[in-house]
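Heads up, the thing below is written out as structure tokens.
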Amino acid sequence: MIKKILVANRGEIAVRVMRSCREMGIKSVAVFSEVDRTSMHVRYADEAYCIGPAPSNESYLVIDNIIEVAKKTKADAIHPGYGFLSENAEFSDRCKREGIIFIGPSSYAINTMGDKITARKTMQKANVPVVPGTIEPIQDLDKAVEVIMEIGLPVMIKASAGGGGKGMRLVKYEKDILSAVSSAKSEAKAAFGDDAVYIEKYINSPHHIEFQVLADNHGNCIHLFERECSVQRRHQKVIEETPSPIMTPEVRDDMGKHAVAAAKAVNYSGAGTIEFIVDDDLNYYFLEMNTRLQVEHPITERVVSVDLVKEQIKIANNEVLSLKQDELVQNGHAIEARIYAEDPDNNFMPNPGLIKHITEPLGLGVRHDGYVYEGYEIPIHYDPLISKLIVWAPTRDEAIERMKRALYAYKITGIKTSIPFLNRIMDVPSFKEGKYNTHFIQDNEASLMEKEEPSQKLKDIASIAAFFNYLERIEERSAPVFKQANGSNWKNCGRKKNLEHL
Amino acid sequence: MLYDIKRNNELSTIELLERNKNKAKIAVDDRIYEVDIIEVENGVYSILLDGVSYNVELIQTANKKYSVNTLYNSYDVEIIDTETKYVNSRKSTDEDDAAFISTPMPGKVVKILVNEGDVVKGGDTIIIVSAMKMESEYKVNTDKIIKKILVKEGDTIEGHQHLVLLEDIENN
Amino acid sequence: MIKKILVANRGEIAVRVMRSCREMGIKSVAVFSEVDRTSMHVRYADEAYCIGPAPSNESYLVIDNIIEVAKKTKADAIHPGYGFLSENAEFSDRCKREGIIFIGPSSYAINTMGDKITARKTMQKANVPVVPGTIEPIQDLDKAVEVIMEIGLPVMIKASAGGGGKGMRLVKYEKDILSAVSSAKSEAKAAFGDDAVYIEKYINSPHHIEFQVLADNHGNCIHLFERECSVQRRHQKVIEETPSPIMTPEVRDDMGKHAVAAAKAVNYSGAGTIEFIVDDDLNYYFLEMNTRLQVEHPITERVVSVDLVKEQIKIANNEVLSLKQDELVQNGHAIEARIYAEDPDNNFMPNPGLIKHITEPLGLGVRHDGYVYEGYEIPIHYDPLISKLIVWAPTRDEAIERMKRALYAYKITGIKTSIPFLNRIMDVPSFKEGKYNTHFIQDNEASLMEKEEPSQKLKDIASIAAFFNYLERIEERSAPVFKQANGSNWKNCGRKKNLEHL
Amino acid sequence: MLYDIKRNNELSTIELLERNKNKAKIAVDDRIYEVDIIEVENGVYSILLDGVSYNVELIQTANKKYSVNTLYNSYDVEIIDTETKYVNSRKSTDEDDAAFISTPMPGKVVKILVNEGDVVKGGDTIIIVSAMKMESEYKVNTDKIIKKILVKEGDTIEGHQHLVLLEDIENN
């Protein structure tokens, strides 16, 4: 039985994992970099240990340091969250060797799904549809032209070891094939030390739809339906929802079976996600598998009524899955919006800094998974995700209205965030109609970037507030009395008073 | 007393005409507003104007300078009192020609691509700064001379910190 | 179509109603007393108007002032929330006369259900079981003895116009009957200006279970299952949950039908609650009807997947109920804990004051309906309810664990709250087993009031924190530099700096 | 420097032995603690002791006096430095016999049942205060003389405010 879990992560996901630990009566151990001493996961955990300097390759990615803390604290298991070491096969293996349960799949599953060509081959063998193209690395440039013309243009050249758009080329014309393949190979070599590339048919107006799967160590594997993740900016997901507005019950059923087949093909254990690329006619193809918890897992939790972290822990505990495929249903509609510390008006420049004030949205149908607090300084070293806002309603239309209401009430000052941008997405007609694909943000750039010119009155109100504050400060200087009347300024004044009387 | 106030580079006058606790009559240029204004949280004002409820958040960015957020908009507001006017009149000749490269956000200097004394062309990248796993390149728009480099590679920097001092070529 | 709603209330319920308005695209108008200028409902509303001084009989209860604001702002409808004017028949009538929609039932329904003897008679006629006893006021003292001995001791003597325990007497022995009836009558006369009393059989180990109903203006009436409200302290509900742990499907079905019959008997329109008293053998009796939204409505919303305020507004809009009885199901388990500003260690003394710091619980399965914020001063004039914590989980056990996790993370400083007391309730065996009745708090007073003696280490940590703060203040005084490092103290220091440089 | 510290009327000594930024070695009586202590929010400290994470909230109730909340407990802590000792030594004779009626919370005076100069018996109700729709009666435990009434009916009062000054009967 797992009694203590080390969470090898930070930010909202570390806190989220610890919440489920607490509900299960499991102690949690936080690890933190030097710059993260004040981070919420350190405050929330039962125990916390520093594992190195701020850069993640000197702390959150140092396997030895994490294992050392796990042994010192006698943690039974390690939860890697997402990112960092979550898809690191060596870490999975190392945990096993040290007798610590890794809450995630075996190194075999991670490796097989981590190499795209191997994954494509494995899927093809398991009869899971893959995007038409090659399943062996391209060796011969002349052969490449032949193969590509057989598949039919346009195609994508992709690095086998790839990710993040590196070593990737879209080819529309025959004349560009040779140069595209060579440049993709050399970029792949530079980025991943491996120049293997393969070819995939390019899907027009693609939708990104993924299926959540859960598999135990006893041969049981189920899917928990889909998540629609097509609202992306530069391959970064912005909004996710479930159910997908373009899905039909028949296709859902088919895709779910293929997702389960994909997981079974690598003897998967734990929670994982099968990503599919889907065209407008609902033809779908395996894209890749994420062998970890996803950022967007809460929308599935809400609609399917399941706590995915608890399921992960139970599976790691060697328990038999208690969820049965034919008992699972999707209830209502959930949408997640990712709140990033970035400036949408300034090319989405990251915007770390000090949180001066925060008002979190509350009430019916709103879940908020975050980790920042007033007075917290978001460090410059990590991912800009501040929090995730998840809303639920019986219908998609109502969920959109609820998301707008929650975004309206969500206020963070001190840094710029993506909140205004997210709000504008909710107003775009093609989003409201559920008719969008991965080109959505690009196609709607004009309206997403447009800001309404505020009225003269609103502009003057901004000036009046600043002016009033200026006047009150002058007043305070000339008569520094302790304002008790309505509680504003209590922090300043309390402290000021103390300093005077000390 | 009549003040000048600058909102996103737009200049107005502003004056407190009457005040009784949180009720105030304020003129912005020739527009008169009767507001019920109160600081409810630190830096957060609730304003009632003709019954309509507004929430405004202030961050003081410098003495007498504010970044002001209304629901969907953000403004830079500066109160220009006589002291500011006096200071401005004295320093204006001194710093006008100075131009610095700086970033809007905190981060870490990844690479500096120039040396002091270099002549660079418009479009050249001067410095690369990373924050939150994203690297940003900072370029010059027009030809410049690198007068002074104020940081070194690996330095952690604040937002709006001066990184590199530039000089126009015509000045030399 | 309703386009603008005046919310004639304050606190968490006013904000909660306005949230649903916002999702429906309906403008909201707040009214506030002089002491409530900084209250959240004023900040959240689209418009806000002052209606008088702090005491509620000079503001929130003044019908003329509220109607005046409604007319001035051209509000189509008024939502009364709970408390204040929500069960005031005169207010319902006045709205109708003024051409404003009252979001609640007619004065007929309010009056019929407001007088307990009339309600008992009406229920009996509608074949809804009432507690055995009299349905006419007791006139003759000698007759009273006869009737009581017929019903069988023990019995309760209750004031017809009563409420809040006034004019109420428990009689266990025949010799006490005469004095109990006379004293109940005189107390009723003093409290309500009406000495009518009636007799009810006293139910041993009673459970308080209520049914939510919704009725439209077109003759449709449904129930949304039960809420178990037996955890009470001095007739004040503390914890509510749904489903009730003692309920069976058969009894639920029967009670639901009787709840609908009760509502139909008064031509009910809108959301209402039928309260039943239930004994250990699941015999149940009509107790009273609350002709308004209840404090604890969110647990029903969560388990039945419905927004009750939106349903109220749609009914007021004369729409036909879209919910169908046979399509409604209860999904999972929800628990609500009421967070009061009161000191559980000091006889639950009310504890208004300045909120110095607040950390709200977040994450999976947690809903939080509140209205206070940092720097807000809770006024002394109104109800001590600060907020409601509502958790949901697939099972009751998991919901209890989740509530404990949420209470653990919920921190308010500056005032005392009921949070530690609520946490102890979750640990009482009879609560965990779901075996409790309205005597629960009384029966478990010892363990609910007991505080574990903290370890020497924990006590020393408290001293160390205070000492460290003292040392830091001395340091600050001798070197008042602007700490930028980790963001703590930014508020003080920012303000301090400004004062110095101004 | 060694300080005295009072926690819920229990007296200890406390001393800072070493400190390096947020790492400190502190002795409470003869118990030595090596803590990592940092103020993360205003008045909220995060403390790591032997790896265990504690969250402690402070409210300063007076100069050098705190109300301290740990997870499930609340303490009154007072730092007694030389200044405090000096002040205490001077005032002790003066105020020791003074006894006031006060309430722990803010509220409104509903009714005052005594007049100045009255002799009251133990158990007598002196004043009724209401807050949040609840009325509380404040009584004396033993026989007293009403020396002075410091508020009047209808007054709004703060928590811990002196309402009525009492005097022991033996003193007269």
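As written, the chains take the letters A, B, C and D, and residue 1 is the first residue of each chain.
Operating definition for what follows: a residue touches a chain if its C-beta (ideal position, glycine included) is under 8 Å from a C-beta of that chain, and two chains touch if they have at least 3 such contacts.
Not measured: the values here are computed from a predicted model.
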Common touching chains of chain C and chain A: B, D
Which of C-D and A-D has more C-beta pairs touching across its chains: C-D
Chain A and chain B, separation of their C-alpha mean positions in angstrom: 33
Geometric centre distance via CA averages, chain D-chain B, whole Å: 46
Junction residues of chain A, two or more chains touched: 37-38, 44, 356, 373-376, 408, 486, 488-489, 491-492, 498, 502
For chain D, residues that touch 2 or more chains besides their own: 38, 40-42, 55, 60
Touching residues on chain D, where the partner in the complex is chain C: 3, 5, 7, 10, 12, 14, 16, 24, 26, 28, 31, 33, 35, 37-45, 47, 49, 54-60, 64, 66, 68-73, 75, 77, 79, 104-108, 130-134, 136, 156, 159
Residues on chain C engaged by chain D in the complex (per definition of touch): 341-343, 346, 349-353, 356-357, 380-384, 408, 411, 413-414, 420, 423, 451-452, 454, 456-472, 486, 488-489, 491-492
Contact footprint of chain A on chain C as seen in their complex: 15-16, 19-20, 22-25, 37-38, 44, 298, 301, 305-307, 331-332, 354-356, 359-360, 362-370, 373-377, 393-394, 398, 401-402, 404-405, 408-409, 473-474, 476-477, 486-492, 495-496, 498-499, 502
For the chain A and chain D complex, residues of the former touching the latter: 29-30, 37-38, 42-49, 73, 373-376, 491, 494, 498, 501-502
Residue numbers on chain D that touch chain A, as the complex places them: 22, 36, 38, 40-42, 46, 48, 51-53, 55, 60, 63
